[in-house]
Amino acid sequence: MLRDITIGQYYPADSIIHRLDPRVKLFATLIYVISLFLAKGVFGFGISVLFLAMIIWLSKVPFKFMVKGLKAIMILMIITAAFNALLTPGEVLVSFWIFKITKEGLKNAVMMTARLIFLILGTSIMTLTTTPNQLTDGLEKALRPLNKIKIPVHAIAMMMSIALRFIPILVEETDKIMKAQMARGADFESGNLLKRVKNMIPLLVPLFVSAFRRADDLAMAMEARCYHGGEGRTKMKPLTYARRDYLAYILVIAYLGVTLLLRWV
Amino acid sequence: MNIIKARQLVHEYIRRDEEGNVESIQTALDHVDLDVKEGQFIAVLGHNGSGKSTFAKHVNALLAPTEGTLWVDGKDVSKEENILDVRQTAGMVFQNPDNQIIASVVEEDVGFGPENIGVPTEDIWVRVADSLKSVGMLKYRNHSPNKLSGGQKQRVAIAGVMAMEPKCIVLDEPTAMLDPNGRKEVLRAVKELNQKKGITIILITHYMEEVVDADYVYVMDHGEVVMRGTPREIFSQVGTLKEHHLDVPQMTLLADLLRQSGLNIPLGVLTREELVDAVMKIAE
Amino acid sequence: MSIIVDKVNYVYSEGTAYEIKALQDINLEIKDGEFIGIIGHTGSGKSTLIQHLNGLIKATSGAIYFHGQDIYDKDFDLRELRNRVGLVFQYPEHQLFETTIFDDVCFGPMNQGLTKEEAGLRAFEALRSVGIPEELFYQSPFDLSGGQKRRVAIAGVLAMKPEVLILDEPTAGLDPGGRDEILDLITRMHRERGMTVILVSHSMEDVAKYVDRIIVMNQGRVMFDDVPKEVFKHYKELETIGLAAPQVTYLMHELREKGLPVSTDVTTVAEARAELLRVLLGERR
């Protein structure tokens, strides 16, 4: 069940989206997220859907693979939808006991769920088509000005890329420890909240111990390969903009323009 | 010339309590003398806690000696200014394949070392391709390490070291977490690097079958070198090996048992072929 | 009759592009008191199979009976099954979490609903049987050596007093000393307590030395299921799936090809010694 999480995973393929400069993808993702909250009306959303559909198609990542990632946040979506449906005041459609479902609420629920889905799909297409290393390279370069105010951009970027690399490993490990403790009679499912939290200890302690051990090993392995911070480092894949990147920037800005325009129409 | 030369090497792990007072001292290396000639295939044997891993970490300047000196390619590892050079000369492969791969794509991981030592971009690409080829992993260059088998991951780790163009590779129990196939894969790759590229290999292990082809074997126990010699010399002392909590290959063990039962079998049988010959000689 | 596996199939990520048939048409009967070895290369389905035996994974189709009861029955208590079929995972020391060794071993028995005293008694007994000296009982498990940690983790399962003990590569990563300790411990459990033991292993030499019956897994199927000497007769087929017979078996085959009339049924060093002495010294006399 835990291995179904696709957020943060990289899907290797050879597509134009994979080849785009990570800075472009970071920028586009940011713009897309903003646009989701700016989009209004059927046309506004229609454009967002079309834009996303086009990118997914171009990326060659199977749609099925992306949908699988959504399953992991299903509960979050249901809660969001329920809150919106039940707590928005307005014209009552159905009511039972103390609950009222309003027309506005229903509309909001649909809108919010849709936004959430697009948000997740939009950001996961970035992580799916960009290796963590490229992503951090992009961040590092985009945020380089912050170095001037003494923010260790390289170190932060390196930490992020390593975290991303270890997510799937730790997820698998969680699964394994959970099963091992279940074999010793552990119960992760029943009891009240306090008891459940307490029951997590046999899972969390080994997980932390393992994470620290891995961190230790990895630090040593990095040192052994002459890692000594960002100074004097060269890049195997330095970031340089190609023509497609400028084109992509124009496209993204045009998309934002259209979304904004549709707001006023 | 000796690429690695250890003289009276001592390493102590000192444990301190909260106030900084010494709580306990554990001597992990106890006056070790060891020499490795360039191009040799050396094996270091010992049970867990015998000090063999501590020794390996000195060769890579990950640990500094408490006493004594270790030279890697003529450079003293305890000198701060030599550290990067030493690490480039003597690369290191660790036991756990997952905990030494940094990047999420094979080729980017192999490029990590060259990046750190400031190799120009075009050269990195050449080195990455060459090193992946040398361990037979070139066709996996765009794969995610998570989808590889243990043996493949270790070969990527070896390629990562090769890309730094070292003279010597230290492998610290590289096969301990692998299945038999993975073990064979990794050993084959290591032997090939030794024979075809002349890379000096220091293999640290407790699998006896892996050291049969080594040029020279050191056995460690309690931080000391307790036995040294060719594999044949080492394996002809079955009893002494057992005292140091080590095994011998099954063929050596059987040969030893037969000799004890009065059969005329030579000392230090290492392989099946040798035992077949010895037995057939008796039968004739 | 202890455990019956009946036409079990298991499919990972069913219906997606990543679908993997991890187990296909598995039929097995595991009798009380048997000592079984399961061998197969990585990905052959052996880990998936053993997790079925204590209900951690539910078969996609087929049934498993424990003492005649269907474990997939609505009324069947899976936690009770896990008490009786103990499973020691690979690298079990990674599951240690308590502040003392003793408390960690108590975890299983406490989950079984035993009182503190009863659990303590079980822990005491289990730790002693795996050879952990008493002065270590109240230390942190994280300060132990690798081999000791593993024995403590095994004690954590033994303290639950299972009828069946399944171990997934219990010697992985240990040095020869640690390996022998664990294997001897397991053999003792089998011999003295009559425990049914299932040992998943990569090492043909270990399996040949200890077990009475070998199950060979390949691509999710049972390829062979027989006594060691019968299984290792198929050494050529074993090689095609990345496995092999013990070294001594090969030796005997090679000697036979050269005309020495030795039996090729040999699977352990001790058997090889006896057989060679019989043939060589017998001939001389």
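By written order: A, B and C. Residues from 1 in each chain.
Here is the rule we use: a residue touches a chain if its C-beta (ideal position, glycine included) is under 8 Å from a C-beta of that chain, and two chains touch if they have at least 3 such contacts.
Because the structure is a prediction, the values reported are computed rather than measured.
The touch graph of the protein chains shown is complete.
The chain pair with more C-beta contacts between its two chains, of A-C and A-B, is A-B. In terms of their C-alpha centroids, the spacing between chain B and chain C amounts to 30 Å.
Centre to centre, using the average C-alpha position, chain A and chain B are separated by 41 Å. Against chain B, in their complex, chain A makes its touches with residues 10, 12, 131-133, 161-162, 164-165, 168-169, 213-214, 217-218, 220-228, 232-238. The touching residues of chain C, when paired with chain A in their complex, are 16-17, 51, 54, 56, 79, 82-83, 86-89, 92, 94-97, 107-108, 111-112, 142, 156-157, 160.
By the touch criterion given at the top, residues 62, 64-65, 68, 173, 176-177, 179-187, 201-202, 205-206, 209-210 of chain A touch chain C in their complex.
Considering their complex, residues 41-42, 145-147, 172-178, 202-203, 205, 242-244, 246-248, 250-251, 254-255, 258, 260, 269, 272-273, 276-277, 279-281, 283 of chain C touch chain B. On chain B, the positions that touch chain A within their shared complex are 57, 60, 62, 84, 87-88, 91-92, 94, 96, 98-105, 107-108, 111-121, 124-125, 128, 142-144, 146, 160-161, 164.
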